[in-house]
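Both complexes shown next keep chain A, but they swap its partner, so chain B is in the first and chain C is in the second.
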Partner chain A sequence: MSLTSFYFLIFVLCTVLLYYAAPAKYRWTVLLAASVVFYVSYSIVGIFILSATALITYFSALRIEKIGDGYKSWLAENKQNASREERHARKKASQSHQRRYVAFVVTVSVGLLFLFKYYGYFASGINRAFSAHLWTAENLLLPLGISFYSLQLIGYVIDVSRGITKAEKNPLKVILYGSFFLSIMQGPFNRYNHLMPQLCREEKTKLSFYKFKLAVLKISWGYIKKMCIADQIGCIAREVFTNYTNYSGLGIALGMIAFAVQLYADFSGYMDIICGIGELMGIEMPQNFRQPFFSGNMSEFWRRWHITLGAWLKDYIFYPILKSKAFLKMNKGLSKTLGKKAGERIPTYLGMFILWTLIGAWHGAGFNYVFGVGILQFIYIVSGELTKPLTDRLNKLLHLKEGSLPLRIIQSVRCTLLMIFAWVFFNSSSFTAAVHMLGRLFAGKPGLSQIQAVFYSDSGILSGSGKIWLIYIVLCVLVLLIADFLHEKDVFIREKIEKKPYVARVLVYLTIVFSIIVFGAYGDQVDVSNFIYFNF
Partner chain B sequence: MKKIYLRRTAKIIAFILCFIVVFFALNALFSDMYSTRVRSFYHMEKDSIDAIFFGPSQSYCAINAQKITEEYGISSFDFCADGQPLVMTYYYLREALKRQKPKVVGVEISKIFNTPVTAERIVYSYSAMPLTVEKYNSLKALHDGDKTKAFEWFIPLFANHSWWNQINPFLLVKDLLSDHSAEYLLRGFEDNKAAEPVEIEFLNGGGYGEIQQIPDYSIDALNDISELCRQNGIKLILFKTPVAADWTINDSKTVKEYMSENGFTFFDMNDNLDEIGIDPETDFLNKLHLNTKGANKTTDYLVRKLKSLNIF
Partner chain C sequence: MERAEIFEKLNEVFRDVFDDESITVGEDTTAKDVEGWDSLRHITLLAAIEDEFDIEFSMGQTVSMKNVGEMVDFIQEEL
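Coming up: the complex of A and B.
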């Protein structure tokens, strides 16, 4: 059931109606049923794998909490009698016992993720390299959302072990947490103590007409981004990336820019749709994008792009690595030999390298992912930090004040260009293909003919005038930029619209609806793509 | 409170009305993109046509309905469509019978063997058709019963929206405001003066081709057309225009056998190229279509043939 299908709209309508019809205490069961129905529309087998993973997590979390409670009760009883060493040893044993259950959940979740997502890639590689005949898991279909729910469930069990959240007593609620239909496909990564109180609240809530309109506006904006911008411009990106040997120079550049626009509109459009649907039910989904192309540096970019993934990896991978015994030891040793600065920086950079490699690997089994959205990002961030004194000096020379508009524009453009470059690896079929494509960026004599070649390709994907397509792309970029600019200035566009006179509002609503109908990529004549992050 | 609800309801109704107006305006914009013979059918006076011809483009390029009307006094119309398969013909006939009571229906059967209908052809064939049950059922039949696809093609705005980058609003307004009487006079016939020499394999002893079976859905469509004609007291004739590029001797043999066994009136004009007077040097627009010169000869032959069969 694609988010852009008519059936999905019917599904959402029924879910929202049932949600408000149900007594407040049982509304979470409506969400569970809806999530199961949604998941089963993609895969029946997958729901069993998800449920099994969720149940393992559920039992492990209960055990972890019991162990923690056991230690707390012992401590309460023996605080006066027990010695400091005894208390310390008891605490260590309790934590070690808890960690075994955490490790068990991590092993199961990551193991399944590896099996479905990465095993085939490595097995094929080994078969090719050593003429082996390993089973390559060709017939194994990637369960929907496994990259998301695996990490979410791991995060939940770690939070229980840290005492951040209490273990859930109802196994169905843990299944709901893993399978929640609004975030199963492409995120965002939810935290248990943020999402579940909202899904399971017992106070009756109502949906006001005003909130309904705001939610529908958000959903519509998401559909415009996905169907009118991402899918339309995606044709150009797909043509250039698939047949890059036919293009050069500005043609390749056009494809690269088109993909950047497609990726942002696709992913953020999806987020707007699911956040809007969440708003219909009074559920606040975490923000996943915050005007990323207005970032001043790459660190900031990744705090504005796919925010919840970065936050999850920081909280559950990066900081634990930095606080681990090995890294603390490394810090101490390096500080002694190379100085305090090196002692802090080197372990941090090593931790970041591991983090970014994992981020890249999470996106896909292929060196192009590991490099493009992993190692290359690490290089960007570290070189940005190391060259900061230089760039500060250059800015001073050019009389560019920190925080000034000209400097912000330069920084934003720089970040955008760096990401457009990196995304070539993300969207290419392989690392080699990406390198070849980038090589063709500098081939041929620059001229308009290189762009025209894209629109008059034999693929027949792009019908109509190339000029109109270029105008359309520019308009789409402008629309996205203006919307993001207003959000950056904390202008709440939806609320502004709702404050306008009735006639102005009707014009806006009609423009939105007919933009989707006329410019939306749907139907037999259009090669409609699924959401990009759906593949993860 | 009541006042708020009333005001809100009024605003919602006003919005819906605005939506409907804009929807129909855009619908008209996207359906009149092509000048099709479908549009001119609906300008014919009701119950004024005695002979309607159906079939693909081979038919509307070969049968000059204007000539039949003006020279032979038999009011005719070419209610044809690009790539029209027999299943489409059946629904076109149903649609036609809502406004006309013809005495004769002629169906050109070039597409009797399995020929896919492309998206472009659906757009061209259905753009100007009103939103009727026949249009919907025809689209459903073309898409093997897929209701979603049928609905999508049913409404021109949904069907043709992807052509937004090719719309020239000035040309459209010009087309809407201009006089189409010349188009209506043609009665669905396509007037093509250009000529391209072609090679007719039949005349050189070739063109046998593979032996094909008539697909079941074509047979079902033929039976449906025949039954519909019988119910309405209409004489049905099936024919193949003198265009051999998409036709083989074995195709002709197969169809003749089937038609004879099942009591259909059928004739293949490719058997009478000399009698018709077809000149491969001057009578073709391209290898698949006759031009007006070839069409006039074919039309004369058709009328003679139908008179000899006591149909006219």
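Coming up: the complex of A and C.
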């Protein structure tokens, strides 16, 4: 059931109506049923794999909490009598016992993720290298949302061990947490203590007409981004990336820019759609984007792009790595020999390298992902930090004040160009293909003829005049930029629209509807059914 | 150990980690109030505090402390 299909809209309508018709106490069961129906519309087998993982997580979390409670009650009874060493030893033993259950859940979740997502890639590689005949898992279909629900469930069990979340007593609620239909396809990464109190709230909530209109506006904006911008401009990106050997210079540059626009409109459009649907039921989904192209540097970019993935990795991977005994030891050892700064930086950079490699690998099985969305990002961030004194001096020389508009524009353009470059690896079929495509960027004759060539390609995906296409791209970029600029300035566009007189509001609604009908991408040549991050 | 005494020691650790002698932290001080206290330096800071007080913050405490006041609560819990 694609998010852009008519069936999905009917499905959402039924879910929202049933949600409000059900007694408040049982509304979560409507969400569970909707999530199962949504999941089964993609895969029946997958729901069993998801449920089994969720149940293993459920039982482990209960056990972890029991172990923690055991330590707490011992501490309450013996706080006065027990020595500090004894308390410390008891705490360590309890944590170590809990860690075994956490490790069990991590092994199961990551094991399944590896089997479905990465095993085939490695097995094929081994077969090619050693002429072996390993099973390559060709018949295994990647269960919907496995990259998302696996990490969410791991996060839940770790939170229980850390005492941040109470263990859930109802196994069906853990299944709901894993399968929630608004985040199963492309995230965002939820936290149990943020999402579940909202899904399982027992007090009756009502949807006012005002909030309904705001939610519908958000959903509509998401569909405009997806269907009128991402899917349309995606045709250009698809043509150039698929047939990159036919193009060079500006033709390749056009494809690269088109993909960046497509990716942002596609992913953030999806987020707007699901956040708007959440708002219809009084559910606040976590923010995943915060005007990423207005970032001052690459670290900031990643705090504004796919925010929930970064936050998840920081809390559950990066901090534990840096706080591990080995890293703390390294920090101290290097501080003594190389000085305080180096002692601090080297382990941090090593931790960052591990983190970024994992982020790259999470995006897909292939070195193009590991490099483009992983190692290259690490290089960007670290080199940005190491060259900061130099860039500061340069800015001073050019009289560019920190925070001034000209400098912000330069920084934003720099970040955008770096990401356009990196996404070539993300969107290419392989690392080699990406390198070849980038090589063609600087090959061939310069000139606008290459851009014309893209629009009059043999594939037939793109039709119409090149000039109209170029105007369309510029308009789309402008629309996205203006919307982001207003959000950056804390202008709440939806609220502003709703405060306008009746006629103005009707005009806005009609513009939205006609934009989707007229500019939306439809037809056999356009793959509107899938979002780029779908099924990662 | 009294809270005031903990704060006194904490100020020394903060000044040392962030190389800034003017830092004085209070109950409501957060990462936003101290220049350079980002997610990367957070662990370095906590490691220095652990050394100073001979304690060990759990990962739950590490990710959930919202301000220096909570940090002092955790230190008192561990002492």
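We adopt the following convention: the second predicted complex is superposed on the first by the 529 of 536 C-alpha atoms of A that agree within 3 Å, B and C clash if a C-alpha of one lies under 4 Å from a C-alpha of the other, contacts with A are read in each partner's own complex, and residues count from 1 in each chain.
We adopt the following convention: a contact is a pair of C-beta atoms (placed from the backbone, for glycine too) under 8 Å apart; a residue touches a chain by one contact, two chains touch by 3 or more.
Note that the structure is predicted; figures quoted are calculated from it, not measured.
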On chain A, do chain B and chain C fit together or clash when superposed? fit
Name the contact category of A:Phe38: first (chain B only), second (chain C only), both, or neither. neither
After lining up the shared chain so the two structures overlap, which partner does A:Phe259 touch, if you call chain B first and chain C second: first, second, both or neither? neither
With both complexes superposed on chain A, which partner does A:Tyr319 reach: first (chain B), second (chain C), both or neither? second
I'd like to know which partner A:Phe455 touches here: chain B for first, chain C for second, both or neither. neither
Does the superposition put A:Val513 against chain B (first), chain C (second), both, or neither? first
After fitting on chain A: smallest Cα gap, chain B-chain C, Å: 46
The intersection of the chain A residues contacting chain B with those contacting chain C is none
If you look only at chain A, which of its residues touch chain B in the complex? 6, 209, 463-465, 468-469, 472, 502, 506, 509-510, 513-514, 517-521, 523-526
If we count contacts the way the header does, which residues on chain B are in touch with chain A in the complex? 8, 11, 14-15, 18-19, 22-23, 26, 119, 148-149, 152-153, 157-159, 161-166
Provide the residue numbers of chain C that touch chain A in the complex, in ascending order. 39-44, 46-47, 58-60, 62-64, 79
In the complex with chain C, residue positions of chain A that touch it: 84, 95, 158, 161-164, 314-315, 318-320, 322-323, 328, 331, 344, 348, 352
